[in-house]
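Per-chain numbering from 1; labels A, B, C and D assigned in written order.
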Amino acid sequence: MTNDGKRFHQHKGMGLVNYVFQEQHIKSLPGHMGIGHTRYSTAGSSELVNCQPFVVDTIHGHMAVGHNGELVNAKALRKKVLLQGTGLSTGSDSEVITQLLTATPPCGEPDGPNWTGRIYEMMQLTQLAYSLVIMTQDCIYAVRDPHGNRPLCIGRLMSLNESPQLSRLGGEIVENGEISDDDSTLGWIVSSESCGFHSFGASMCREVKPGEIVKLTTNGFKSMRIVSLENPEKPPSFCIFEYVYFARPDSMFEGQMVYSVRQRCGEQLAIEAPVEAELVSTVPESATPAALGYSLRTGIPYVEVLTKNRYVGRTFIQPSNRLRKLGVARKFGPLSMNFKGKRVVLVDDSIVRGNTMGPIIKLLKQAGAGEVGPKLNIVS
Amino acid sequence: MTNDGKRFHQHKGMGLVNYVFQEQHIKSLPGHMGIGHTRYSTAGSSELVNCQPFVVDTIHGHMAVGHNGELVNAKALRKKVLLQGTGLSTGSDSEVITQLLTATPPCGEPDGPNWTGRIYEMMQLTQLAYSLVIMTQDCIYAVRDPHGNRPLCIGRLMSLNESPQLSRLGGEIVENGEISDDDSTLGWIVSSESCGFHSFGASMCREVKPGEIVKLTTNGFKSMRIVSLENPEKPPSFCIFEYVYFARPDSMFEGQMVYSVRQRCGEQLAIEAPVEAELVSTVPESATPAALGYSLRTGIPYVEVLTKNRYVGRTFIQPSNRLRKLGVARKFGPLSMNFKGKRVVLVDDSIVRGNTMGPIIKLLKQAGAGEVGPKLNIVS
Amino acid sequence: MTNDGKRFHQHKGMGLVNYVFQEQHIKSLPGHMGIGHTRYSTAGSSELVNCQPFVVDTIHGHMAVGHNGELVNAKALRKKVLLQGTGLSTGSDSEVITQLLTATPPCGEPDGPNWTGRIYEMMQLTQLAYSLVIMTQDCIYAVRDPHGNRPLCIGRLMSLNESPQLSRLGGEIVENGEISDDDSTLGWIVSSESCGFHSFGASMCREVKPGEIVKLTTNGFKSMRIVSLENPEKPPSFCIFEYVYFARPDSMFEGQMVYSVRQRCGEQLAIEAPVEAELVSTVPESATPAALGYSLRTGIPYVEVLTKNRYVGRTFIQPSNRLRKLGVARKFGPLSMNFKGKRVVLVDDSIVRGNTMGPIIKLLKQAGAGEVGPKLNIVS
Amino acid sequence: MTNDGKRFHQHKGMGLVNYVFQEQHIKSLPGHMGIGHTRYSTAGSSELVNCQPFVVDTIHGHMAVGHNGELVNAKALRKKVLLQGTGLSTGSDSEVITQLLTATPPCGEPDGPNWTGRIYEMMQLTQLAYSLVIMTQDCIYAVRDPHGNRPLCIGRLMSLNESPQLSRLGGEIVENGEISDDDSTLGWIVSSESCGFHSFGASMCREVKPGEIVKLTTNGFKSMRIVSLENPEKPPSFCIFEYVYFARPDSMFEGQMVYSVRQRCGEQLAIEAPVEAELVSTVPESATPAALGYSLRTGIPYVEVLTKNRYVGRTFIQPSNRLRKLGVARKFGPLSMNFKGKRVVLVDDSIVRGNTMGPIIKLLKQAGAGEVGPKLNIVS
């Protein structure tokens, strides 16, 4: 969704971003600012209505909201909106946020949109969990909840003529950013993860702070206000799953690379759960940093024991009884020659349901492993 | 959109009804009541959000609205909704109606949904033009604006075992309908046009009256209230285009068949604009009843002079300069042998833009007609 | 499929011509000559391989074949091709024709393609039924079987600056056509039906004669050879279904307009089967010329009694038991007011399966007709 | 494409196998034997005609051919087929093979299909490069060219009730296979790569030998004949790209695992091109076995320095100038913290065009690497 200063332009679709945003779609989105959103799509075309950003017309012009997170008090806030006489067209708590922002702020000034004030009022109503991008006629707001539960980063889009800039992955950390005629900054970007900056020529600038409201205009970005925690003694509660599961390994949070965190988990595991074995290996591929960490700490060689068939999970075919019996064998191929008769420490990072580790160990044993396990897991 | 008493089930799409509602879609719509809507779709997938029925969650449960018409005071009502603090997600005045119905009625009782009261209040705010079907958790409301501008009919769905019923096209006209165990009535239907009743075994019962609120439940239908015109001396103003353009010829409005009205227009034209000619003919195919009426009144034989290529209008190809020059010749084929050297009275009913009659007359003259015209038009 | 003198360019698809040939497809088909084909498509994407034109590479360059008709000795010819050691990829007799044309002519000259000779040899092998367009590197051949069973017409594409030309529907009938610099002829067209010429600014020139091989090049067209019937006493056997069912009413065959033939059928019916009645009517819409012919001959007024729902046949939904019971009532709407209590002569032209006439008469009687029938049919 | 003993059933499509073969397609393919084919698809729907298997009707019934490879004398064989009078509908040399098999074998017996004989004759005409599966009415033939250029393996489909079987990855190597009532063999499978066997419960049996014709029926498989090389002193010439690029690492060729071959390449590289460095790393992910081999031989620790964005290559959007400048940075993310200031040996396996290694090294240097290279490549 883009904004050319006069109108909002929008394109939504179901499927991978590459599929939804083809060349003709990009061309149909003019403007000098824009926001976007991806989510795990569920089946059924009727679900398109749940696609974000949510965009509404308000008495102060159009506004669009992209939301990452889940509100802890979603039910109460939903009731509040319905009691105001506003009908909600989806079950999404992101729509609730959008309508809360639309309603005139109770203690705001009557004239003018005063979006910072509205956002501030909305943040009084709910403390957890949201990172938001909010586009109005004039600017974009980047907002992070007071707990800092979900990540939100600011990046600097640079002229590619000045290649030395590219090397500074971290860039300078600035409180407020500017765009002036004489420097190499082309614009500012806000994203949940910093890994994306790199791939279109931007560098990480800083994270939006817990509770912070940042305003981005054509002139740069500015910190407007910080909402502190109701209980100021509570520590920031950054979502642990970003480190161990969600985020891409080359993303940076709180000054550290996700990959490094995962590797240190593996090292710690080696300290807490040492095992005698000939090999350390990974369930590809998110557990690889942890397995390499385990290997580094113990000195046991790192060897690959499984290949992953990337297409299995995407099949449209209901597995037959026969295929169901095969289970993980459909997804992972054993590299038998690599581990025949050897004792293997197998590191995995998926404790979510915990129902694949057993079958994988059985698969490796059938394929010739001497001993596998004990069942280790980096977040156990 | 259907309602099984607990949940609403919805399917929407772009394209012809036959294409959008295929077998699997129908099967995914359980329930004992339902509403639907068709509109001229405009290009672009993003327009799907404008598809009706609009459905919202309210403090009194889900509600869905299908709207035929255009509000004369749409702009003012839109502003009213926005000032209440409700963000609107489309530019449609049907969404405005939906949110007006959602907001608690100003002078309503505080407890209970009282939908009839809400609808009544909404009707105080706008008198023109709408026919509505409104589905709530328990029932469906059929509403027609006080001017009766758009049509709305009630039909009776009958058991097909009692074929004599089928013959009574008009059925009995009843004020309120019931469904009891011992009769042949399977349910009640509301539709803009009565022509559709016939094709699934229903018969016309009566029209919803101007300003009337009718409630349909599993027990039957009941007239709840009638909102009278602000200015009671104004006559009902049924949209003339329904008779001359929109409606299917086998529909019934105000006790008369649309086809008959069109034929009488042709007869009247013969009285007001008599012409000496050897043939009367039609621009196929909506003008045929009028042409037959003209022939009937004057005794001049009715002869077909044009065939219509039904596919031309639907082409996806930008016409080249050459094809543009050909104009109506792409759409109509002259049956030259039928009118060579003859004087032709050609009756058309499309005064909307009035830019095809000239070229059609030229086409017929080139193809051999002795004299065509004068340019006659049933609503001139 | 087009030919730019060097390469063939092709686009095929399933669906209506308007859908398959969108603007980008037309643009991807450069060249100064081309052939195309439409057929009733059957369900299933795998059927795309059956789409014509069939195009093959031969020892004398590419060749493409479009075929209208069915070979009476298809089975024997298929066996002949298979025995030559050629594998056939479809069950179509059009592919058999294509491979027969590819095989070197048994008594032909050894050097050079000599396509006229090959076509002549192929025509010795089968006398019925085919109209063909055959495109080679240099030219297009238009071929009609010796019986003249299927139609094939030659049209002249004219400059639109000379509008008087447009009026001459028949144009001059010429044996061989030329394109010279000083006249208004832009090219020559071959088509099964002449009705299409009109809609892109061409005029009918003449029919390809039974057994004739016509060659079209950039210089014009030329009659190359005529294959006479094995039994020369047999009369030409033009397919009667073209007149009564397949062709568009504004097409011309053997000097007469299809519409006029149908109307004369109705007149003849009036002579052979006179009935006392108040109204003559049609089962819309192909039977209308016959009904008007019946009315013309008997003086009984022509009145419309049925509207046709054009969308019913195209539904993707399996009709439920209830809808099956309704039968023709789903497709035709009775205009009851037009015939209540009257005796109706109803003319239909579909004797193909003959199973709709009975239900339609029942439908009209239920809707109030005094007497309908006797069951009349123009080809009975 | 399947065969139920009476008819062939076929489904083809463009796209990933998972997309083309959805559940309804699988259900529409009954039978007790079948063959399939995948190829890199090129853009444009008209290319569907090139999809294999090629299926033709012959004088001895239907035959379908799947072909992996490219004929060295394709041009001469194509001319041979065209001179026989057979038109070819594609430019594919797989269609040429199909028509060569169709033509009656020159020195074959006149009666009966004798497919083994036909295949043998065809193999006399071309020695390189093809692996074929050929399905006839009764059986499937698996054929490998006399040079053994492309791989072809036979696998045994086992009952899943006997889990001990699953562990024997290699199974027993048998010359001819049988299916009897009292054992656990459900059927036999032929595939280019053995990696697929594992994932639906089959085990590798043996490779089809260079020049061998193997016949598979419902009773088992049987070696029919072996065509020896024209020049018997030439060694078998297995395609080296299968080991270093095409094949999945868990596939087995000539008794060795592809992964192991790649790892040994890395070890050999360490011997031939030793470098002083702090880290060995990979360009993910096909070069990983070689990098681990290099690390194993030299003792230099293996560390990951790049993440791969799996979606970049699949975008439908033409890269803008800006994105083009970014080049490999769009596809690979540097894990800077892992290698800042360190000297890195980077192992890659893609010498195909050789134009990505330079930019990747530049990318790593900009991201902080002390020294990268020299540019090493496992097949250099």
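Assume contacts are C-beta pairs under 8 Å (C-beta built on N, C-alpha and C of every residue); 3 or more make two chains touch, one makes a residue touch a chain.
Everything numeric in this text was worked out from a predicted model, so none of it was measured.
Asks: What whole-number Å value describes the gap between the mean CA coordinates of subunit A and subunit B?
Replies: That gives a centre separation of 48 Å.
Asks: I'd like the Å distance between the centres of subunit A and subunit D, where a centre is the mean of that chain's Cα atoms.
Replies: 37
Asks: Using the average of all C-alpha atoms in each chain as its centre, how far is it in Å between subunit B and subunit D?
Replies: 60
Asks: Taking each residue of subunit A in turn, which ones touch at least two of the other chains?
Replies: Not one residue in subunit A touches at least two other chains.
Asks: Draw the chains as points, connect those that touch, then say whether the picture is a line, ring, star, complete or other.
Replies: Shape of the chain contacts: a ring, since each chain touches exactly two and the loop closes.
Asks: Can you work out from the touch definition every pair of chains that touches here?
Replies: Applying the touch criterion to every chain pair yields A-B, A-D, B-C, C-D.
Asks: Name, in rising order, each residue of subunit C that touches subunit D in their complex.
Replies: Result: residues 10-13, 45-46, 48-49, 54-59, 63, 79, 82-89, 91, 98-99, 102-104 of subunit C touch subunit D.
Asks: Considering the complex alone, what residue numbers of subunit B touch subunit C?
Replies: Touch list, subunit B to subunit C: 16-19, 21-23, 26, 160, 163, 166-167, 169, 195, 198-201, 248-250, 256-257, 259-260, 285, 288-289, 292, 296, 301-304, 307, 309, 311-312, 314-318, 322-323, 325-326, 329-331, 333-338, 365-368.
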